[in-house]
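In the two assemblies presented below, subunit A is common to both, partnered first by subunit B and then by subunit C.
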Partner chain A sequence: MSAVLADMSKTERAKTETSKTIAPATSKAIAPSKGGRPWTFYVLAALFVAYVLALYGPMFCIYILSFQDIRGGLVFPMKGHSLHWFVDLFTQVRTGDVKGSFDRSIKLAVIVTIITVVVSFLAGLGFRRRFRGDTIVFYMMIGSLVAPGLVLGLGTGLLFQALGLNASWYTSALGAQLSWTLPFGVLVMFAVMSRFNHAWEEAAYDLGASRWQSIWLVMIPVLAPGLIAVALFGFTLSYDEFARSLQTAGSLNTLPLEIWSMTLNVTSPSLYALGTVTTIVSFIVIGASLGTIVLIQKKRGSRAKR
Partner chain B sequence: MQPIPAQSPAQSPTPSRSNLAGWLYVSPLVLVLVPFFVAPILVVLAASFFATDGFGGLTPGFTLASYVEVLHSALTLKLYLATIKFTVLTWIFTLIIGFFVAYFLVFHVRNQLLAIGLFLLCTVPFWTSNIIRMISWIPLLGKEGLINQALLALGVIRQPLEVLLFSDLAVVIAYVHQLTIFMIVPIFNSMARIDKKLIEAAIDAGASRFDIMRLIVVPMSKSGIALGTIFVVSIVMGDFFVVKVMSGGGSASVVSAFYEDVGVLQYPTAAASAVLLTLVLVAIVSLILRTVDIRQEITR
Partner chain C sequence: MKNDRGDIELAGVCKSFDGVTNVVDGVNLEIADGAYCCFIGPSGCGKTTILRMIAGHEDPTAGEIVIGGQNVVGLAPVQRRTAMMFQSYALFPHLTVRENIAFALRVRGQSKADRLRAADAMIEKVRLTSFADRLPAQLSGGQQQRVALARAAITEPRVLLLDEPLSALDEQLRVQMRQELRRMQQELGITFIHVTHTQLEAIALADLVVVMEQGRIKQAGPAREVYAHPRDRYVAEFMGGQNVLSGRVEKVNGASFTLAQAAPDGIEVPLQARPTVSVGDKVDIAVRRDDVALVRPGKELPPGCTTSLPSRVLAIEYQGYFVKVMLDTVPDDEFVAYVPEKAFFADPFTVGDVVMATWATGSALPLA
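Take a look at the complex of A and B:
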């Protein structure tokens, strides 16, 4: 999806280009832009709609069910409506330390995001040119991405134990999560960098910019949408991370760990209420990130037209 | 990283200097991956050769006892068969759905902005919690869930179906629900790069739409399919919580058994089983990588 976020800029560019040149007669041969649609269109459109419904349908069920009143159960039909289970979630002892884990997860996600953006950006710069041993680093990254999270988490936990360090959410879990978010971040940077026009960087050097000036004043502003995409990955992947945190978070839970223990012993709509709350946070982050990217692209599009 | 040939002229230093610069830029990445990926893997590898007192204490040493135990257990074969069954089923469904969703977005949606909007609509759930998305099937699939209610009301069944939730079916549904996105994104990417002129030329040469699909679209989406397959296979094989929750404890996979082993502090057996699983995964991934240059694919 990284590439597509970057593609949005391409689309903007394409739009300004097509306004200048005459659009080709058939831009899409399979689905000609004039005339009737082939039958496959309707079949695939139906498949697409079914897929999106299956994707979002269940999620919306639990959001709706979390607003039941005290009689509420885990399935439809709705029994009344109230905010009872949200209050329950944050006040009851039996549902665990939701407030504390929520707080920790947000803090951890912010730290992970900052580190992910900086490290991925630097790695993206490094991988632009081949250097001896780059393949090793690359495959190390892929390995970190595909390795079973629980196994890595256990290894990290045992390592901390062997070194006599205490496992905690801001040390071992932070590292374990970075081993998951960084490969994603760097892969997104690859896609973003491959669309970077190097003429700008060269122009900066020609005008006498130092290496740092060209990075700080040219690359970072130009790559801003891509960096926001990296931040989005960093935050959401950390905020929802579970398998790698399980053996590394120490005595204090992060939010997904709290949800996990709730799935095992809470059978009330509080579970759904927690789902609703965390998803709202995710949606705010996703909306803010995508919104900012679109805004930057729009601004650039209108500037390019002038 | 092909896109930067020799045209970054500002500094075109000697090879050794550019080696140094490259390593400087990736050093923060390496500084995270070595302690939190390489070292833990080595620790697990070492632990698999250690002996245990059965209470979580590890005695450094070299014994193959854990491997013998894992390989001799009839359970191991059953776990691998179950894991492979889930992997294959999930792979088939995610591939079919992912391929056609991507195909629809790239070749059937005429407005490119709309296509990107619909694409983002598919990707948004990726950024939300997997656990929440998994439990969100309970109100639908449960014994008193929506699907059973609907089927009862329609008179299709008399008794509520019990196989819907807490069964292998539910496990596969949850996997497909979570992982189709990993197929859609890379396949969408490779399809979007297919030059439309190629397809026009094929039409002009008299190719049918089926020919175009068979001879152009599928071969040119191969790298996306390979990339998606790596994601889906490695996630399903490494998963334990979907199996645990959605099967209601009725099924197990290699990693969920690993989780149980860790729970009862059987670290060496757990580690031996993890090492075996990693070897299997590495074998599968490298087989797939032989068909596609993943690095070129990602960086192009």
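Take a look at the complex of A and C:
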């Protein structure tokens, strides 16, 4: 009798056990812990902190050191704090042609941005349908992306020399930079275009829109966030481009080239001040672009609402 | 003077995308002005291609498309005065409901005040006034469909083309929007051409049902004609509601012939529209599923029934007002009886029962 009872209790226990395993899968996590978070959380968090430190630490060294006072040197420890080296940067001539090169870099970046956006958009339109030789065009484009920048710049410089043209930042350097920004822009554009529903274009045509109207009133507004992303790529890639510009900028330097030459002969924290200023410019451009995209998205309401 | 006639004639229309196979293969059809026409067929049968050719989004490889007496091949949609409602509606995501509807007027260069006034009138017609400033993404499927309808209708087209307009909606809404489409069609008084792959949708809506297969029209006619009098096996099976049986003609006797089948005496079929039947021909016949009566063996057949086929019940499905009884009556084809609920439960069958499937002789239909 008791044996039967024991048997029954055994089956009962088996039952509860199975129901336990079937019940919420979350309680059976890989790393169980007593309340709170599993230990894996802390491992991953530590890894993430290390990653962020490695990513931003070097930059912050530069930024911090640029705020020293007049006794400041090129290495830690920090000597006082002031804006001395920023003033120095814009007043002293011997540090190099910072203002001129900054000017040129911005102008060049704007030109590169405009050309990149226009050409990428047109390429996006062109690649909507397959055409003869489309794969060849595509791979040639990727080819210029993977070609070593220094070699490509050198070749561009040589080509200009052979043709008897003067290398300058707005001719040869522009070309060399475009060989870098265009493939990037086109690749981003492909990703953007893949989300464009061609029925929108057909609907515009059906409602009587001309080709121009359907591009202007439908395609560009719908693709606007993507076009801004392409512009952002074009600008930032050009603004800090070094390898391709080195042999093609001619006698007047762009900003990255100027900074590089300064590292060779300037031995004051004004070099770091320059780094801080250019970073601020970059962040303003990125912030403005992302802000515009967010604004457009917000205006259109969230798709996920429903 | 504007030509407002929306009658359509397709004459020998062919379309080939690769130059080898015809997606649409010599289609001839006349659609009356103000008709509601449904093209129906499985996917890939060319129905959407026909719609797009009428709309002016594809050019036919051969043949003529005549709208209101005018050959429109090569004309833009606006010149044809057709408007299309796309399958997923293709509403412009960056424009509000009002701007979407006013789009056609905007590209025509109408002033902002004029076009917004016209758009608001149209918005009222489709009962979306409180949603006028919303973006498409903030609307439900049914509301989006109404916007698409209004956007197409504001151009005052002669013909409205709808590409599977209800396929994006759930079942209940589909039935509701179906009525709304019909109401709009009557209100606008223009020709609607509607592409669908749902039989119920087609017969519920259309004045003219066009059944297609592989680029050809299999049958075109009023809904009831296509459903109750299918011309051939394909139409009968595609439209549903019919049992199709085939067999050899055993003897021809005046107004009817006898089909050799599992039944001991063969199946008697009235000749009707098929005058040329001779002994030995292989013939398909159709019997409506709701015309089939089931009788227990040994019992007397209902009046008017001469044929009875012994069958075994394979499966039973309760459908509400009727019961679907699946039988093994004929070896190769499905055979189903729709028995009214009350009749079935007066003497319910169970799976495996042997029954006699019978029908009034006059209701059997010979197929082409």
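One rule holds for everything that comes next: the second predicted complex is superposed on the first by the 259 of 306 C-alpha atoms of A that agree within 3 Å, B and C clash if a C-alpha of one lies under 4 Å from a C-alpha of the other, contacts with A are read in each partner's own complex, and residues count from 1 in each chain.
As a convention for this text, a residue touches a chain if its C-beta (ideal position, glycine included) is under 8 Å from a C-beta of that chain, and two chains touch if they have at least 3 such contacts.
Computed from a predicted model, the values in this text were never measured in an experiment.
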Kindly say whether there is room for both subunit B and subunit C on subunit A in the superposition, answering fit or clash. fit
Taking the superposition on A as described, I'd like to know which of subunit B and subunit C A:250 touches: first, second, both or neither. neither
Determine, under the contact definition given at the top, whether A:210 touches first (subunit B), second (subunit C), both, or neither. second
Between subunit B and subunit C, whom does A:282 touch in the aligned arrangement: first, second, both, or neither? first
Determine, under the contact definition given at the top, whether A:62 touches first (subunit B), second (subunit C), both, or neither. first
Look at A:200 in the shared chain and tell me whether it touches subunit B only, subunit C only, both, or neither; answer first, second, both or neither. second
Between subunit B and subunit C, point out the one touching more subunit A residues. B
Which superposed partner A:122 touches (first subunit B, second subunit C, both, neither): first
Can A:144 be said to touch subunit B (first), subunit C (second), both, or neither? first
Could you look at A:52 and tell me whether it touches subunit B, subunit C, both or neither (first, second, both, neither)? first
Minimum CA distance, subunit B versus subunit C, superposed model, integer angstrom? 5
Interface residues of subunit A shared between complexes with subunit B and subunit C: 202, 205
Okay, in this complex, where on subunit C does subunit A touch? 55-57, 76-78, 83-84, 86-88, 90-94, 103-104, 106-108, 134-135, 137-138, 140, 151-152, 155
Applying the document's contact rule, which stretches of subunit A touch subunit C when the two form their complex? 197, 199-200, 202-210, 213, 217-218, 221-222, 224, 300-303, 305-306
The answer for subunit A against subunit B in the complex is residues 1, 3-4, 7-8, 11, 14, 26-31, 33, 37-38, 40-41, 44-45, 47-48, 51-52, 54-59, 61-62, 65, 74-76, 115, 118-120, 122-123, 125-135, 137-138, 140-156, 158-159, 162, 175-176, 178-179, 182, 186-187, 190-191, 193-194, 198, 201-202, 205, 211, 214, 232-233, 236, 239-240, 242-243, 247, 256, 259-260, 263, 271-272, 275, 278-279, 282-283, 285-286, 290
List the residues on subunit B that touch subunit A in their complex, please. 1, 3-4, 7-11, 15, 18-19, 21-26, 28-30, 32-33, 35-44, 47, 97, 100-101, 103-105, 107-108, 110, 112-113, 116, 118-133, 135-140, 142, 144-146, 149, 177, 180, 185, 188-189, 192, 196, 199-200, 202-203, 209, 212, 230-231, 234, 237-241, 245, 255, 258-259, 262, 267, 270-271, 274, 277-278, 281, 285, 294-295, 298-300
